[in-house]
Amino acid sequence: MTAPSTPITSTLSDEQKEITGKALQETLVDLIDLSLIAKQAHWNVVGAQFRSVHLELDELVTVAREFTDAAAERATAIGVSPDGRAETVAKTAATKGFGEGWTKDADVVVSIVENLKAVIAGLRERIDVTEDADPVTQDLLIGFASKLEQLHWMWQAQVA
Amino acid sequence: MTAPSTPITSTLSDEQKEITGKALQETLVDLIDLSLIAKQAHWNVVGAQFRSVHLELDELVTVAREFTDAAAERATAIGVSPDGRAETVAKTAATKGFGEGWTKDADVVVSIVENLKAVIAGLRERIDVTEDADPVTQDLLIGFASKLEQLHWMWQAQVA
Amino acid sequence: MTAPSTPITSTLSDEQKEITGKALQETLVDLIDLSLIAKQAHWNVVGAQFRSVHLELDELVTVAREFTDAAAERATAIGVSPDGRAETVAKTAATKGFGEGWTKDADVVVSIVENLKAVIAGLRERIDVTEDADPVTQDLLIGFASKLEQLHWMWQAQVA
Amino acid sequence: MTAPSTPITSTLSDEQKEITGKALQETLVDLIDLSLIAKQAHWNVVGAQFRSVHLELDELVTVAREFTDAAAERATAIGVSPDGRAETVAKTAATKGFGEGWTKDADVVVSIVENLKAVIAGLRERIDVTEDADPVTQDLLIGFASKLEQLHWMWQAQVA
Amino acid sequence: MTAPSTPITSTLSDEQKEITGKALQETLVDLIDLSLIAKQAHWNVVGAQFRSVHLELDELVTVAREFTDAAAERATAIGVSPDGRAETVAKTAATKGFGEGWTKDADVVVSIVENLKAVIAGLRERIDVTEDADPVTQDLLIGFASKLEQLHWMWQAQVA
Amino acid sequence: MTAPSTPITSTLSDEQKEITGKALQETLVDLIDLSLIAKQAHWNVVGAQFRSVHLELDELVTVAREFTDAAAERATAIGVSPDGRAETVAKTAATKGFGEGWTKDADVVVSIVENLKAVIAGLRERIDVTEDADPVTQDLLIGFASKLEQLHWMWQAQVA
Amino acid sequence: MTAPSTPITSTLSDEQKEITGKALQETLVDLIDLSLIAKQAHWNVVGAQFRSVHLELDELVTVAREFTDAAAERATAIGVSPDGRAETVAKTAATKGFGEGWTKDADVVVSIVENLKAVIAGLRERIDVTEDADPVTQDLLIGFASKLEQLHWMWQAQVA
Amino acid sequence: MTAPSTPITSTLSDEQKEITGKALQETLVDLIDLSLIAKQAHWNVVGAQFRSVHLELDELVTVAREFTDAAAERATAIGVSPDGRAETVAKTAATKGFGEGWTKDADVVVSIVENLKAVIAGLRERIDVTEDADPVTQDLLIGFASKLEQLHWMWQAQVA
Amino acid sequence: MTAPSTPITSTLSDEQKEITGKALQETLVDLIDLSLIAKQAHWNVVGAQFRSVHLELDELVTVAREFTDAAAERATAIGVSPDGRAETVAKTAATKGFGEGWTKDADVVVSIVENLKAVIAGLRERIDVTEDADPVTQDLLIGFASKLEQLHWMWQAQVA
Amino acid sequence: MTAPSTPITSTLSDEQKEITGKALQETLVDLIDLSLIAKQAHWNVVGAQFRSVHLELDELVTVAREFTDAAAERATAIGVSPDGRAETVAKTAATKGFGEGWTKDADVVVSIVENLKAVIAGLRERIDVTEDADPVTQDLLIGFASKLEQLHWMWQAQVA
Amino acid sequence: MTAPSTPITSTLSDEQKEITGKALQETLVDLIDLSLIAKQAHWNVVGAQFRSVHLELDELVTVAREFTDAAAERATAIGVSPDGRAETVAKTAATKGFGEGWTKDADVVVSIVENLKAVIAGLRERIDVTEDADPVTQDLLIGFASKLEQLHWMWQAQVA
Amino acid sequence: MTAPSTPITSTLSDEQKEITGKALQETLVDLIDLSLIAKQAHWNVVGAQFRSVHLELDELVTVAREFTDAAAERATAIGVSPDGRAETVAKTAATKGFGEGWTKDADVVVSIVENLKAVIAGLRERIDVTEDADPVTQDLLIGFASKLEQLHWMWQAQVA
């Protein structure tokens, strides 16, 4: 009762599918890790700005989780099996990570800005490579970049 | 501007705090991994029961995420810094994992039952050890077990 | 295509399962009968306090139905098949019943107080016997007792 | 402080009231038993279609409970005391009942189709007898039949 | 710029239209007056049951206003201009009216029961006369009677 | 069981109460009649602007009904029994009334502007007389005038 | 794996089923076409009343779609397979159609009145023929006629 | 009072308008037919997966209707009159249609997958041709393709 | 890090500020005590009217709490620090208090009427003294009096 | 018409009732005072963190008020009359109080942490003493401690 | 088709209308500018308090926009055409403006306090001049002052 | 405490940032002025279509305000300080303005069509220039054009 290796057909050519699938898989692990980092920060932040940062991090978690699902389900839509398991995330995400233990609010802000910057940089590259391969996927990634660049400004504004 | 190592005081004794903190940390990584496994299954399931299983998995994700937050914030409440980062989850979770690629619906159901069983077993042990250490934490773990055992029945009923 | 007699496995030992299953089955029939009694009273009450009692009875119905479902699904969660059929209820419920035909508001209040008292008495006993057998079930029964004792006060306050 | 035997006057003649009251009382017990049967099935169903059947049964419970209340309150509106107590239901309902213990999904579907068929048959007869006796009650019973025949199709479609 | 006397055509014959239009106009004034009487009682009731009766009267107002609109718009639908002006209501309504000034709760209940009885009696007659003239209007009047007879029971139950 | 003639005490002197009570009673009948006129127009309007005027009239009904209740309950609050029965309205309202039968949209607009003007004129006078007698009532009447003058503009703008 | 030709049993006799099924199939295609016509008008209307007519047409679409579903599901409930495919609608609907291209608002109103009139005429005939064949279906058709006759008045009032 | 043939001006050149208008008109008829096919399947499906497929089809109907409106209103926005009448749909839609009568669930799934594939193929072509003609329309079509390809995966996953 | 004694500037003169600040502080303690009294009665009421009085008291609590906040925040807005601590309330409130222990429903009603009367009397005086000092505060106090006099009527009506 | 001294019977023994009643009464006054202190701080806080602290204090008020009601109604449920009057609170609460006048944000945070610590300490003791006396009450107190310890962490995190 | 210069009649005398109209026009431009200033600050604020100030500014925008509409529509209600165009605002508003480019959070707070102070000062004057001219307008301006003085405190509290 | 001149870093090159920043600033002032013009028209429109146009203008205001915020926050996201102050809008917006005083409905429609046309023309140009500079911003502007061209059709349809 094992599933066939390619049960879902694609409207893309094999080459387009490979390029697009790779872009979506890379995006997927970055976004899952971003959501785990934001939650980790949400619990471990301390300092006078605790409440503000604590709440803002949960909004970032919500965004990251919603985009995660959209990226994974776009992969399935083009016939590519997404991999969002803990080990895959731990090994392949291009994020900057988050330190251990209780963390001061100002340090949290700096860390989140860096992680957002890393995720956005990846998205910008993939927006380029998917332009010809699949405009539908490109449109999705543009949407992710638009929102994450807005958040990038908001977090950065706090250290300005 | 690094944070002090123990910025949050506890109403528990050191011993109670150590026992309870360990129980919560173990619960935390199990629940995060359960949510990642359920999402992985949500995307990769195929078969005639696709829609039913796909929807049910998202309900499990919602439960696992809510309990994750409750476990982590109970740890903070007793002065213990929780660790829910991808690498920590990948290395320390006591779950059964989930296979690679597209997966038949019946196989998904079996895998979820096994993962739930593993998580519940851990909870049952921790309900015992926290009884004296911290009845507040015990009450939380009882609540987790109650819901996860209900889901265990529902998933198991599909293979009966 | 008949179902296996024990299709749902339990995290309890056989003895714990027997004790807990019995407690839940007894609770189930009491609560179903309580909901039928409250509906019967809801339709047959007459007197100056009609509207107040009529509305209050529907709140009791809602509580009884919600607890009924929770008790039955806890039984399934420990691998015990619940029985909530009309005949089983009629024969085994430990409630006090309700008289025939139109009933004066003051008589309704007295009857509801007595029925609540009987159901609570059963719950209090089962809270004791499930303490060791299954703390998860005990916690559920404590929740039922808490709400029903609140309603017991409210109905009793009307005859004070 | 016992209530008078006929505290509620009727806009119907004695004969109309007797015919209509009998039709409503018979409908009442059928509907209560239908709701108890559907709940029993909701808890005891097992098999690959578990989730779908489990959810669908709760929709049937909701319908049966809503119609139960409407039937009982129509009886009161014409001055007839309705009787919906467990023993009355157990002894007088014209439904087909439901077997003991865990039940396979396909068997549940067949049982529900049969119970719906029996309840609808009773309603169809009572729609005839109430046409002259009370068009208001007839209209109510037509509404019940309309919905239950829709559900009859939906459950039957699963075994087609 | 005066409007033509019959700008709205009817799907009924002239005779059917006359019978139905008369039934709807009579119903309209009864329902408007019922809503004004219920509001008058809502403001002037005094006594230990004040709050219960005060709230219940507003529910009656809501019902009466909703039915008023339905009756008037059914008249327009068959090409008959409805007349719901104060003077028409004051002169032609077949209700029982309501006394002047502050009124004891028990007296209010009796007055509402009598007014409901009068309005229902009119509806019952018009259900007969519209059966052949217009089944669509008959169905509407059956709906009004169904609800008002339910309220008649509820108000009457308070004096039982 | 008749009610005492003055069961509700007042925080106003007898003279203040008489002046204020008269102002509120006059306002009450004007507002009830305004709501009946607006409903009458709602049903009888014809012409190209039918839909717009039909909807706008229901907004006027909502406003008039809400103010009616506020005026009557302010009278009760100062110990004055309000009288909003059909005959009282028909005989004492200072509104301009509404013609019989189907009415062209432009005529409806003119009639509503005139009725609003009449009701506002009454309110303006009563705002003056209640200034010393009861600032609480004056504040209420100012609120009525504010909203009705806004509607007066909106209806008038349609004939500009 | 083809379906049996009559998988759904009926509570009607063969003759009743044939009469009722024909009435519902005719109603179904009329209502689907009415919804397509209203959408076509919704997009193509121009003129000073554009906004009012544009919005009103969407309300008609909503009504037509809701009734379409109710008619089709009543057919299935009596064991008759409904046919609402584009070609069937195009060939068998008894509506009046709608012209090509942009259309002035006044012309739209006239066209909608004519289409409503045609659909209502069909319903009135089917209300007669289903009275003996199936009162449940008759009740449904009466409900359709009631609402469509109300809309017929509202659209007609605009050309009065 | 006939409307001018081109009452709505366009921000596009004549050539751009012709290309874009054709793409939108083709999309419009495909989407209307998709919604009618999905409804037809919604009513005629039978088999063990009835409930799941029945519900899923209504979600497809909702999507198809929403996109239909967006496509038609984009046509109007560029000055092109859309044609969504039954006959136009029946004659020009590039969908695969749906068979007559009751249909087994597995056959329904296959048919929906084929219809989705056909509609997506048309969209993919039109995304290319509108890139230069009108990026606003292209963006709309990309959005349609994104959602329909997601649904294509979900339906296809059921036959995997 | 102690705060300056007057950190918030005022738009009032010193004299106006003193008069207005005193009026608001007196109002504040009266309203807090009213909310505590109403809660105390909510818990301790017994008698046949229990449910009605119990619910009505919570509505009074809601009103008192909302007004409390408005009074305190008006004080801050004019630069006056409000004092709503338990001891200040216990020592300075001009309410009538509430007896110890379980209390009969009729006694509760009388006590609430007296407390409302006392609070209203204070407000009426402060409406006078703030007229020149601060019309904004006066308007707020008029709003409090308006609502509390309505409640005064409703509670008093129950003993009429 | 004075109430009997013990109108509400208890399911507890006299000793259990005395222990549990004392625990609940002490909890009640602590929670009322906590809500008054939080409100006092809500109004008097100044400083750069004003908005964050101001909002967070209202969340604490909401929690304290909800727990207050639960504690008082648990007392009534075991037949003990709760006392939450201002003077009782002022004299018996074991909280730390709050200083007079405008208060800097950092001082507010420290004061709230201290008050929470005091209330939690009392709860921890009462969780012990009610374990044997009444597990239902113990469960309630565990729930209070769980939430207040979470808040204790959040407020404390701001001074870390 | 130009409009008449005074199409809306007024219930005020010419002198009253001139005074009131001037007060409302001045208020209108101040409020529009306040909303534009708050939005400008909302986008350009930077600093550690970014998030708190950013959110708080949008609440100010909401208030300013709501009051703008109320002021303009009060002008129309008394027959005066309001002027809220960009150039009029730029030339006549009595606000303090807002600097160019990115702005530190503390500077934003100071600027908003100054702008609020200026707007409130204007309102206080106009409350005086409208007392005799139009109490309805005065009541509106009192409402504006009440809310803006509350916000003035809240913003000022952040610099205390 | 003055802010640095470029506190927010950008993911764009300097040239891309300049081009994109200019496009967004131009869009911002156009949209703010469009919202002020629509509000001005909302207040000053008179004529038979008053209500329809008055309501439709508020929908335009809502759209313009939402897009204003999106444009300004996109500017901040790429590190450019947006300028939406009244004077900047008055001097640099490329809209067509709106005449003084009361305005006939037909004139309002023409003016809004012209203003929409001007704003859309600007957007179309900027969609071209941002294609290479920043696809994320281009996507945003395409979204604005899509909605405003839909509104352009709707307003234009009223003069067809």
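Each chain carries a letter (A, B, C, D, E, F, G, H, I, J, K and L) given by its place in the written order, and its residues are counted from 1.
The rule is short, and it goes like this: contacts are C-beta pairs under 8 Å (C-beta built on N, C-alpha and C of every residue); 3 or more make two chains touch, one makes a residue touch a chain.
All figures in this text were calculated on a predicted structure; none of them were measured in a lab.
Listed by label, the chains that touch chain D and also chain K number zero.
Distance between chain E and chain I, defined via averaged C-alpha coordinates, is recorded as 43 Å.
Centre-to-centre separation between chain E and chain J, using Cα means, comes to 53 Å. Residue positions 3-4, 7-8, 46-47, 52, 73, 76, 102, 106, 139, 157, 160 of chain A each touch two or more of the other chains. Inter-chain contacts, as defined above, occur between A-B, A-H, A-J, A-K, A-L, B-C, B-D, B-H, B-J, C-D, C-E, C-I, C-J, D-E, D-G, D-H, E-F, E-G, E-I, F-G, F-I, F-K, F-L, G-H, G-L, H-L, I-J, I-K, J-K, K-L.
For chain I in complex with chain K, the residues that touch the partner chain are 3-4, 7-9, 11, 73-74, 76-79, 135-136, 139-140. Those residues of chain H whose C-beta lies close enough to touch chain D in the complex are 45-48, 50-52, 54, 102.
Those residues of chain D that touch chain H in the complex are listed here as 49, 52, 56, 106, 154, 157-160. Interface residues of chain I facing chain J in the complex, by the touch rule stated above, are 1-8, 32-33, 36-37, 39-40, 43-44, 46-47, 68-69, 72-73, 75-76, 81-87, 89-91, 93, 97-98, 100-104, 106-107.
Partner chain C is touched in their complex by these residues of chain B: 120-121, 124, 127, 139, 142-143, 145-146, 149-150, 152-153, 156-157, 160.
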